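Structure provided below as structure tokens; questions to follow.
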Amino acid sequence: MNSSGLSLLSAHLPVAAAADGLLERLPLTLRDTFVQWFPAPTQWLLHHLISIVGILAIFGLFFAFTTVAERKLLGRLQNRLGPNRAGVPKFSFLPFHLKHKLFGLTQPFADAVKALTKEDIVPAAADKLLHFLAPVLVVAFSLLTFAVLPFGRNLIPVELDAALLYFFAAGSATELTIFMAGWASRNKYSLLSAMRALAQVISYELPLLLSVIPVVLVAGTLSTQEIVVAQGFWTFGLLPHWFIFTPWGAAGFLLFLVAALAESNRSPFDLPEAESELIAGHLTEYSGFKYALFFMAEYFGLTALSGLGVTLFLGGWQAPCAFLQFIPSYLWFMGKLVGMIVFFIWVRGTLLRLRIDQLTRLSWQFLVPLALINLGNAAFWALTGAWSGPLQIVRWAVSAALIVVPFVLMGRSLTRGQAPRTYRYAT
Amino acid sequence: MESLEQIRDRLLARFPGASVTLVINPGAAAEHSLLLGAAHAVEMARFLRDDPALQLDYCSNATGLDWPDKEIVETKKLSVADPAGGPAKIVEEKTKRFEPGYLEAVYHLYSMALRHGPVIIRLRTGNRTDQVTLPSFTPIWRSCDFQEREIFDLFGIVFAGHPDLRRILMWDEFKDHPMRKDYVDPDDYEWEPTPHDRVLERAKAHYPVPPPAPAAPVSPTPEAKP
Amino acid sequence: MSAADLSPFNSPFAAGTAGPSVRAVKDPFHGDLLEVSMGPQHPSTHGVFRMVVTLDGEIIVKLKPVFGYLHRNHEKIAENTSYLGSMPYTDRLDYLCSMTTNWAYALAVEKLAGQAVPDRAQYLRIIMAELTRLVNHSCLVGFLFNDLGTSFTPLLYAFREREKILDLFESLTGSRMMCNYQRFGGCRVDPTPEWLAAASRLVDNFPRFLDEYETMLTGNEIMLARTQGVGVLDAAKAVNAGITGPCLRASGYNYDVRKVDGYGFYPRFDFRVPLGAHGDTYDRYMMRVLEMRESVKILQQAFRDLPAGPIMDPKSKLRGFRPKAGEAYGRTESPKGELGFFLVSDGSPNPYRYRVRPPTLINLTLLEDMCLGHTIADSVVILGSIDIVLGEVDR
Amino acid sequence: MITLTFIALVTLAAAAVAMSQRNLIHSALLLVASWAGIAGFYLWAGAEFVAFAQILVYVGAVSMVVLFAVLLTRRSHAELAIAPASVKRILAAIVAGGAVLGALFGAVLSTPLASAAAPPPAISVKALGAQLLGRHTASVLLIAVLLTVALLGAVVIASTNSKEDAP
Amino acid sequence: MLGSGIIKGLAVTAKNFVGSYHDPARMVTEQYPEERPKLPEAYRNFPFLVTENATDPMGTLRCVACQICEKECPPQCIYIEKSKDKKPDATGKPQLYPAVFAIDTSVCMSCQICVEVCPFDAIKMDQVFEVAATNRFTGLLLNREQLAKPNSYFHQIHPTDAHEVDTRLAAERKAAEEKAKAAAAAKAAAAAAKPATPAPATATPAAPKPAAQPPTPPTA
């Protein structure tokens, strides 16, 4: 399906040539040699076990260093240094300026030890079973979503035909665990905050899904690997055909970002853990390792959502230019993933928090209508795939107008009567 | 703005039964004040606020004052003729006068509309023990709300007509009124390392002999060398 | 809840404890009211201040402030200390702006004793007061955004600027916040020319920080949504409730003690007083930002024509200061409102009665009326916009 | 066959325990577990699309409705537990269970099952989409209208409810 | 247009992020225990007693136990006991000295009023802020020996202030000596003229600080 834009000018560069570079196939060759040593019937089990261990190891470390990256980046945003005191005992003999050049990289392990050693208090009135089950399930479900993300050219843990649907099925189950956490703590405020967290997650599920459907419509498939392949063309070898470089793609990406922020309880929407709320939301009665599990699940959810965003709109493991394909594809995926996470942290360092009624009004009155319009826009884009020559400019203009005009109109109605004011002075 | 005397006269004209007297402030600031009788105080205050010439719409400050009973000893010099015909001796003859104490509430009223200065009005209670009620000005100026509660809390003046008269600073079970001159604070004694003057006398009650002076020799205390 | 039953006099709090609930329960789905105690240990009550809030779901139905957690009876201590001895204690009243509190106390005592102050000392007092206004307003703006939910970024930018001014105070008076700088009849230390040069350099590029702040936050859509129309304070109600300072001017009422009383040498400076129009949290925030710009103007004029001469009136007495019997009420425009000292002297070295008129305590009178009908998240922001410091509220 | 019996056992066990639980929330959650068991059946049968749709719809959304319904029924905690079993209720249960069992066995026995297990047809989601909007567009549109009406109805009820006391 | 305010906000934080790497104004962290803070000269924390020289601290204390600072200290955290005997001070005149001089630094709020009211420049403000003690009474109750620090240390922490105090004291000592010499000369002349009427004892050296008033009796 190469109905993506500017197909007239794209020269079909040989894609396959770069596919078999040594570095490119390295993880696959490693896995195959390892699987050879085992008897045949268990080989498919080993195959999957290795991918599971791979994901857990890589994304476990990725979570650890995201936390420290977040604190150091926030620090730098606020003109201060982030954590740099957790030195490694072996290096403590180093002079001061060297010791602190560890840039606090050992901070996550210190946090992990702290989380493990903290006393795990279970309130007496709590529903013991659910109280224990909630953090376990929330980590399980958010890890499940990693199964369908294409990390490299053929580095996808599970090649599913309905991969996107699987991703959202696993993602939506986390709501159940928020309810379980809120209810099991048998605490008035955590139940109140759990209800608010549920309202937020449910009301942002819709824009998230609606912003993804245009990609499915244009790419014609639900499988993430094929979506990435569909973005694998470059005009003049320089301009990649990622979906973000199309009007409906850009709008879809922005909608996806806002919905992903809300879905993972991040910055402008971190209502459940806000101090303006009563206490720390549905996590009030958790401490020690269970709290760390919820914390880890939040970061896994964040990583999975930004991984999906990279796959759908930023061309997954595709290189930005044709001649850059010698760099292995999984490095491109990781680079874009880190870029998305840095953007999330940057937003967290800047924006204020929305009130709960503004948050839900923003979703139902602004994001959902825009997402529906964007769906129509993507349909128009798909139908006019065959236009060529001057019609291309018309196509781009109409598609852009289809999304910008409602954005401006609805934006004006959303912020009616709210504008920076001018003030009079009395001498 | 009119002078205090004019205000007093207009008040007396307006409220014949009320008692309004001028209280002179001997200090350098020369901010004299009007002492209002408690009976008509609320109507007079409302008049002060609503009168177009005054418009004292802003009660900046409400303060409590405690004037305990005073023993005024006046010594008059008398020359008493000596019965034995000697020279007239000068004898100081002391007359003791007992002045009953009272609690006082002082209000500083300003006009934000006409931007003119403080008109100070004072209300005095009957005495310091049982007649301690004064009319509350909160229904007229809402700014007196917390300040009158504070006066009630720290001085013990009960304000009749205050919407929610509770203690504001001390905890509700606290019995006494700490700002009164005759308040004795609880003797929660803790060893005072540097007691002198008043603190020493109180500390003495706890140990017969004053504490041994801290050891003279240089004790190797871990204090930081500069 | 129509506006009528929101008026101050029949809010349940004002009508005793058992007042009619503002919102009658009409249909079964509305659960029972939830009584929550926010404070005294609460991240956004700026100190040990407690609000007992009655909630219906999210909406506040009744709010009862509770004070007294930081009460140390400053006024009784002052009655047992000499006039000079109370000066360092006034730093601890409103611990964010010690210079303006010192000045208010010195003004009241000078009024009580009829003490003159030389010109250079008056200029120095204005310089210190306006620098303190910059410190206090940048603090407030930073904490307001912290209540609005940013993760410390605007607060740390504001603190970066505030620290520079506090370093100036430290190099002049010896302590960043507990300056103990004013004396009766002048100031304690004469700033060196280097100090004055550093101070005017800092004041000249202070607006650069304000511009960066305004571009970052004043036009922010979420900020507009969260603060415009929240906690509206009506001007007439504010005057009656004795609200003074930026909160009153945000409701559009032009009353600034610097202009009205003209104490110190303020009439010699031309500066303007910003006035709001809607009286909501956004206006109160903008009042502080615009007042910071005016303070920068005053400071520039003060540095330009600071006269030479003594900083202490020769007749002023350091010890054995016994003002004649009498009383005096001196008031100044502290960054939080009208700060007044009412002193009654009986001729002894200790004041007979020492009363502080706390602007922050009286500004809280209408906190409940502003919060009725809003959510908890708003009540935190409204409290932040009133700018209270518990040292002064509880004394 | 082993996986099929395993999934069946898990689903039935979840449903049975759900019935016997005294705590209503626990039984609701076990009900959700049994729905997940049904999704397991679809996966075993190779119909991934239906399995994931089942999880998305049931485990994601309908479970929320069930739980909210349990929470919002304004009965105190004590009544949440089910009344002790009385003889009359046991008889009724046996009769109903027997009738349902009989109907099921009748249907299973009467349908001619193919002897060899036919290989699951490899249908791609694309083909499924074409089928849905090809031959069955009418039914899809009908369901769409039904759902929109239900959504609008919910919104109208919710809004009228809150109009009276909106400030 | 909706979102423009948010974008401007993001731009400002980005500028600060980049600025924190090269612009010193945008990187304000001071890594405390390793990087010592630069204290301004006027910094004050906890008083100390000035002694003329470091060799014999107790012998050359400037303090004459006049107890003015004890009365004027707002939190009343100074405790002085006069000595019974007298010992000559810097100008050779026999003066009392404090047998006990204790400051309870857990109560002292470093308000430097004792420094202002001391007529003999005997007590000055120190700059020690790392004061951690495990026991409130032995750790934070500084007695006379712990408080005494030499004049050289005073020059080290407050150079200008110390210089000004020293010049003033030197001037006064010179004036006192001249007066003493003049008085002695006058006495000698008077003795020569009228050996019978001894000259009155010279007045105690003029109090170095003009503003010093006779200590007023503390009122109850």
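Every chain is named by a letter (A, B, C, D and E) in the order it is written, and numbering of its residues begins at 1.
By definition in this document, contacts are C-beta pairs under 8 Å (C-beta built on N, C-alpha and C of every residue); 3 or more make two chains touch, one makes a residue touch a chain.
Small disclaimer: the values here were computed from a predicted structure and weren't measured.
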In this assembly, which chains make contact with chain A and also with chain B? C, E
Furthest chain, CA centroid comparison against chain B: D
Per-chain C-alpha centres versus the global one: which chain is nearest? C
Please work out which of C-E and B-C is bridged by more C-beta pairs in contact, and write that pair. B-C
Once you find the CA centre of chain D and the CA centre of chain E, what distance in Å lies between them? 84
Take the average of all CA coordinates in chain C, do the same for chain D, and state the distance between these two points in whole angstrom. 61
For the pair chain B and chain E, the C-alpha centroid-to-centroid distance in angstrom is 38
Which integer distance in Å separates the CA centroid of chain A from that of chain E? 63
Pull out every residue in chain E that's touching 2 or more other chains. 2-3, 6, 9, 12-13, 16, 26, 28
Chain D, residues touching no fewer than two other chains: none
Could you pull out the residues of chain A that touch at least 2 other chains? 77-80, 349-351, 415
So, in the complex, the side of chain A touching chain D is made of residues 127, 129-130, 160-162, 165-166, 168-170, 172-173, 175-176, 179-180, 183, 198, 202, 205, 220-223
Please give the residue numbers of chain E that touch chain A in the complex, ascending. 1-3, 6, 9-10, 12-14, 16-17, 19-21, 26-29, 31, 34
Show which residues of chain D lie in contact with chain A when the two form their complex. 23, 25-26, 29, 32, 48-49, 52-53, 55-56, 59-61, 63-64, 67, 71, 124-126
So in the complex, which bits of chain C are touching chain A? 34, 36, 42-44, 58, 145, 147-153, 156-157, 160, 216, 218-226, 228-229, 254, 259, 270, 272-278, 282-283, 286, 290, 375-378, 380-381
Mind pulling up the chain A residues that touch chain C in the complex? 74, 77-80, 188, 192, 267-268, 270, 274-278, 348-358, 415, 417-421, 423-427
